[in-house]
Amino acid sequence: MLDRSTVIGLLFGFTLILVAIVTQGNLLVFASLSSLLIVVGGIVAATMVNYSLKNIKNSFTTISSLMGVKSVDLRTDMELMSMFARRVRSEGLLVLEGDIEHIKDPYLRNGLQFAVDGFKQESLASILQNEIQSRKRQVEISIKVLQSMSNYAPAFGMIGTIIGMVLMLQNVSDPESLGSGLSVALLTTLYGTIFSNMLFGPLAGKLDYLSKLDLNRKEMFRVGIMSMMEKENPRIMEKKMLIYINPKDRAEYIKHHEELTIKRQRDQKLYSQWIEQQNNEWETLKKVLEPG
Amino acid sequence: MLDRSTVIGLLFGFTLILVAIVTQGNLLVFASLSSLLIVVGGIVAATMVNYSLKNIKNSFTTISSLMGVKSVDLRTDMELMSMFARRVRSEGLLVLEGDIEHIKDPYLRNGLQFAVDGFKQESLASILQNEIQSRKRQVEISIKVLQSMSNYAPAFGMIGTIIGMVLMLQNVSDPESLGSGLSVALLTTLYGTIFSNMLFGPLAGKLDYLSKLDLNRKEMFRVGIMSMMEKENPRIMEKKMLIYINPKDRAEYIKHHEELTIKRQRDQKLYSQWIEQQNNEWETLKKVLEPG
Amino acid sequence: MLDRSTVIGLLFGFTLILVAIVTQGNLLVFASLSSLLIVVGGIVAATMVNYSLKNIKNSFTTISSLMGVKSVDLRTDMELMSMFARRVRSEGLLVLEGDIEHIKDPYLRNGLQFAVDGFKQESLASILQNEIQSRKRQVEISIKVLQSMSNYAPAFGMIGTIIGMVLMLQNVSDPESLGSGLSVALLTTLYGTIFSNMLFGPLAGKLDYLSKLDLNRKEMFRVGIMSMMEKENPRIMEKKMLIYINPKDRAEYIKHHEELTIKRQRDQKLYSQWIEQQNNEWETLKKVLEPG
Amino acid sequence: MLDRSTVIGLLFGFTLILVAIVTQGNLLVFASLSSLLIVVGGIVAATMVNYSLKNIKNSFTTISSLMGVKSVDLRTDMELMSMFARRVRSEGLLVLEGDIEHIKDPYLRNGLQFAVDGFKQESLASILQNEIQSRKRQVEISIKVLQSMSNYAPAFGMIGTIIGMVLMLQNVSDPESLGSGLSVALLTTLYGTIFSNMLFGPLAGKLDYLSKLDLNRKEMFRVGIMSMMEKENPRIMEKKMLIYINPKDRAEYIKHHEELTIKRQRDQKLYSQWIEQQNNEWETLKKVLEPG
Amino acid sequence: MLDRSTVIGLLFGFTLILVAIVTQGNLLVFASLSSLLIVVGGIVAATMVNYSLKNIKNSFTTISSLMGVKSVDLRTDMELMSMFARRVRSEGLLVLEGDIEHIKDPYLRNGLQFAVDGFKQESLASILQNEIQSRKRQVEISIKVLQSMSNYAPAFGMIGTIIGMVLMLQNVSDPESLGSGLSVALLTTLYGTIFSNMLFGPLAGKLDYLSKLDLNRKEMFRVGIMSMMEKENPRIMEKKMLIYINPKDRAEYIKHHEELTIKRQRDQKLYSQWIEQQNNEWETLKKVLEPG
């Protein structure tokens, strides 16, 4: 499941190129199955030598698995974590035992499970850190696979063009065929450049970007879990975690919570005034009712 | 709001290219809406696949929000911080409570608020450090967006040119149309090169530069806040902070303060001489007036 | 012994290029011994100046020696290590003395031998770390050799092409020979580009990839050995080591072991029920048999 | 004030290019004010967008201010520092109070001033370290300015050439004008390449090189000052500082000092022999003079 | 003194290019003193601006001084160090006083001298570390000089070619002269590409490679010296040092020493058996001889 921006970008880019061709000439001139085979085949072959077919497949599944990350609002995670922190503070870590299985994110779930299992603070810190490192290494391979596909694309485009030029130059006598020969030869370069700059390059960049968002979220969870284990004040944990949220969302979150506090205080005040009044009225009533 | 140097540079660069064209030939030859659409559309499409439209927008807002950083004179911050430090030294951290809301810079304001809120020195150190890291990561994405736009620009210029060349080579019979065909095909390369080297590349560089200035200022605040918390001598804090100011401004700042000190000492001396004289005169007067 | 993906990729890539040539023209046009000699000779000569023939040979032996790494399932290593850890926990480190010689991986064998030999924890930690660093440095040289071959390939392709063009341009009078001259001149560029992008480049990438897998496995062993020395709970060691396994295999491993545990608990339960029943029956029997 | 090597290199390089042109053709063919304006104007415009005019100016003043660094012989600094260290060892840090104002290098002067002012060892260590970091950051901006000028130069050369080619291809009918048109179009590429490789690139490299020498010297001072504060033996300080001197100068310095020591010991020996002889003679004299 | 691989590689490479030219055409066509002057002169001029003539000279002397490193067998150093370690263990550090002057390697000699001079462990550790850093920085400058020569070479090749093309395009009327003009113009590109890829590039790579070997050996000495100072068991020192030896040599070294140990044990056993037998015979003899 690709995200909207990627889908729209791909559609927009390829449409643009098609329109540019159709408005200026015949689309059939640009369609060449053999050119496509050289470029795509070359990219796949070189990437298979470099990695393996499985790695290529993995890169694409990694992208789709990370697509969800983008739409996650870290403030929801914040609210969940502060609720946990408040419960842990008052009732101890074991209170989370029942909640853990309902947590969706596997990193947070495992981290809290380890905490509940009684891991030493030091070991847990290193496990959580290493898990992030391990995840990073896994994704970096996928990014490199896409980057190498982006690098091989124009190279095989060039190989196809040189093959075409060598053949064309063999029969230089007919100038007209020479032109159309070069024209066909250039198609592989065109395909290679488009694949590199419209497909593999941007997808490699996307994976890098999504992976950074994902690791940022995991870092936020890590800081939160460690703070819970140290039994820190939930408000301190909140401030430590807020750093991983982008400035704009952070400002909104803080403002919203301040307003909540103010409203709660006002409610509290109204309630206590009301209580007081009630009491007063009761006092009045009592006096009235009091016998003599 | 762009800074003057950027605006002048952009105006100057584009004027230069226009003048170069007009003085040598017809400007209309270089105007091609379809070429512009391929290059700009391709850049936007590839960047949307790589990031998203929101990221592109963010990059430009980040540039304008950072433009203010350049005109800030760090010495003003220095004066403010040493005033705070002197007050904290004599009256304790809580004396800042009232001042905090008047501080404009959010990093300094939050940092001091945390200090007043009674955060442990260690936690505050890591929060201030992380905040800088977080800010750095945010801006780095914007820089990368602009850099990738700068990289995609010549690529789509080349794609446009190859499409044009393939079409031109199809009808090689008419040599004159061949020339003008290549001429049009080269326009996308021209546009791509100009966009990359006159717009996106330099803007990416600017963002990188401004972000470094901004982080430098935040580092200075961090050092200052930590020094206040440790109740260090304000003069030591000053010397620690001066390191973040560029050598020329630093020299001027130090000289100015030395002169201030000298002048103050001279005033003090004059005042005490005057007092002494007054006293002497009083003594003289007293003697005169004293009843025999 | 190359791995399947590399062999298939190489065969596929070169077949593709051959087919592309044969379907469009004469294969003989593309066969040029002298072009091959310039490109291959140049690559070897430059790499000999840069490193030495021995280094070139080493790079290829390193690739084949690392090919085995890919097919290793780290979960097998996990099982072995947890078996060791359980034995060490109950009977002490020396219990491994007899097992060590049966371990195939030299890193694990040496590491455990050092542990049994009574090295201090601190020294062993630094030896195991350094061994990984040393291995990394060794492989990095081989990677660089292949990368430099990949870089020199197109350069010598270009040198050959320029030599051909200079010769061709000397007798410009005959336009037909000019075409075929350029055609021959382009062959070295074609060879150089193919060698770089279909052979040396992907092989350098493969070596880098395999070396990362290998170092990851060594890191896993290192963490396991250190955990044994600290007499940590085998379950904690397992969780520390699981981080080096890729997420999918890890999930399967954990699930399998959970099922094992459940099954074992069920067996235990059945057995204890059966025992209880037996006892009951025995009690019944005893009662029956008891002499009134 | 540029250093000799830079001046000679620039003169030699530009003379070489001029001679190459004059011996083969007419110099006027290569002189084109409009080409120069596009390239230089483009470089300045893009660098202004990226940084600012002030930054460009700063880069050139930084180069000239660092030129002096090259001619400094670090052994002179060594002698000064060991003299200070010997005085500090026997009479305490405050003995330097009077000497400090005569020290030319501001880093050393400030460092020693801080030491005399009674800064804590730990604070001084971090101040000296940060000062080096701060200096490094300042110079890196100047290096980047020159590097970006070196990168923009060929880009604007290419922009000029494409503009020329587009214009030339418009009137393809006249083959002779076509040649001279392309000839003029190539001039901007020539200018851009020369500016990049003969001016901005090498100057950026020079600044990087000089800055490394400068930071190395500051590191040497830092090590020396910290050693003085710890009241280490001046000979140990000397050995710590010698590491920052290049091997050849270091060997000479050590040899010279060993010879000095040997000579001093020989003088001492001669003197003590002479003293002894004197005493002997005195003894003889005394005996002679002694009243029987 | 260059090493064999470098000399053979250079001879092989240049012979190859000559043969390629001679078999296809006239060598004189490719000989152009003016082209050579532009390329070589340009490289030297730009490198002089960037560094200085002295730095260029230094780079070549550094290469020849490091050539010896390659032929050093680190196992010889190992044997020497373990001999030292055994003597130090039994008789103390001062026992090395007499041996130090016979050590050839200056790093090891100085290091041990410092140890004997009674430096504190901590200071010596930092001196040995810094010495390696300092050496690294020195060599890195030489590597960069060669790399920048490798980068400037094709640039000046291109400058020469553009100058030639501009001149050629001025008199486009004569098509034959046009061909030979372009042919001459291409020579500078050919020279530049050959110099970059056959000379400066590979030599820069060689220097990098040799410097890594050299630093590896120094690291090995450092670890050994520190181990001696800590009076560690010579066998532990050996194991720590073995990490710096490449896996193949290491395996051989270990095997050889194990065989030595086995042989020594066998000799010991034979000797003790013989002694025992002697004793037995003596006992027998004694019994025989004993007076009843």
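Chains here go by letter, A, B, C, D and E, matching the order in which they are written, and residues are numbered from 1 within each.
By definition in this document, a contact is a pair of C-beta atoms (placed from the backbone, for glycine too) under 8 Å apart; a residue touches a chain by one contact, two chains touch by 3 or more.
What you see is a predicted model, and the numbers here were worked out from it, not measured in a lab.
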Labels of chains that are neighbours to chain A and to chain E: C
Same vs different contact residues, chain A with chain B, by half of numbers used: different
Inter-chain centre distance, chain D versus chain E - centres from mean C-alpha coordinates, in Å: 28
Centroid spacing, where centroids are CA-atom means, of chain B and chain C in whole angstrom: 46
Residue list for chain C, restricted to those that touch at least two other chains: none
Contact graph of the chains (line, ring, star, complete, other): ring
Direction chain E, origin chain D - full chain order round the ring: D, E, C, A, B
Residues of chain A touching chain C in the complex: 34, 37-38, 41-42, 44-54, 114, 119, 123, 126-127, 130-131, 133-135, 137-138, 141, 144, 148, 152, 155-156, 158-160, 162-167, 169-173
In the complex with chain E, residue positions of chain D that touch it: 3, 5-6, 8-10, 12-13, 16-17, 20-21, 23-25, 29-30, 70, 175-176, 178-180, 182-183, 186-187, 189-190, 193-194, 196-199, 201-203, 205-206, 209, 212, 216, 236, 239-240, 243-244, 246-247
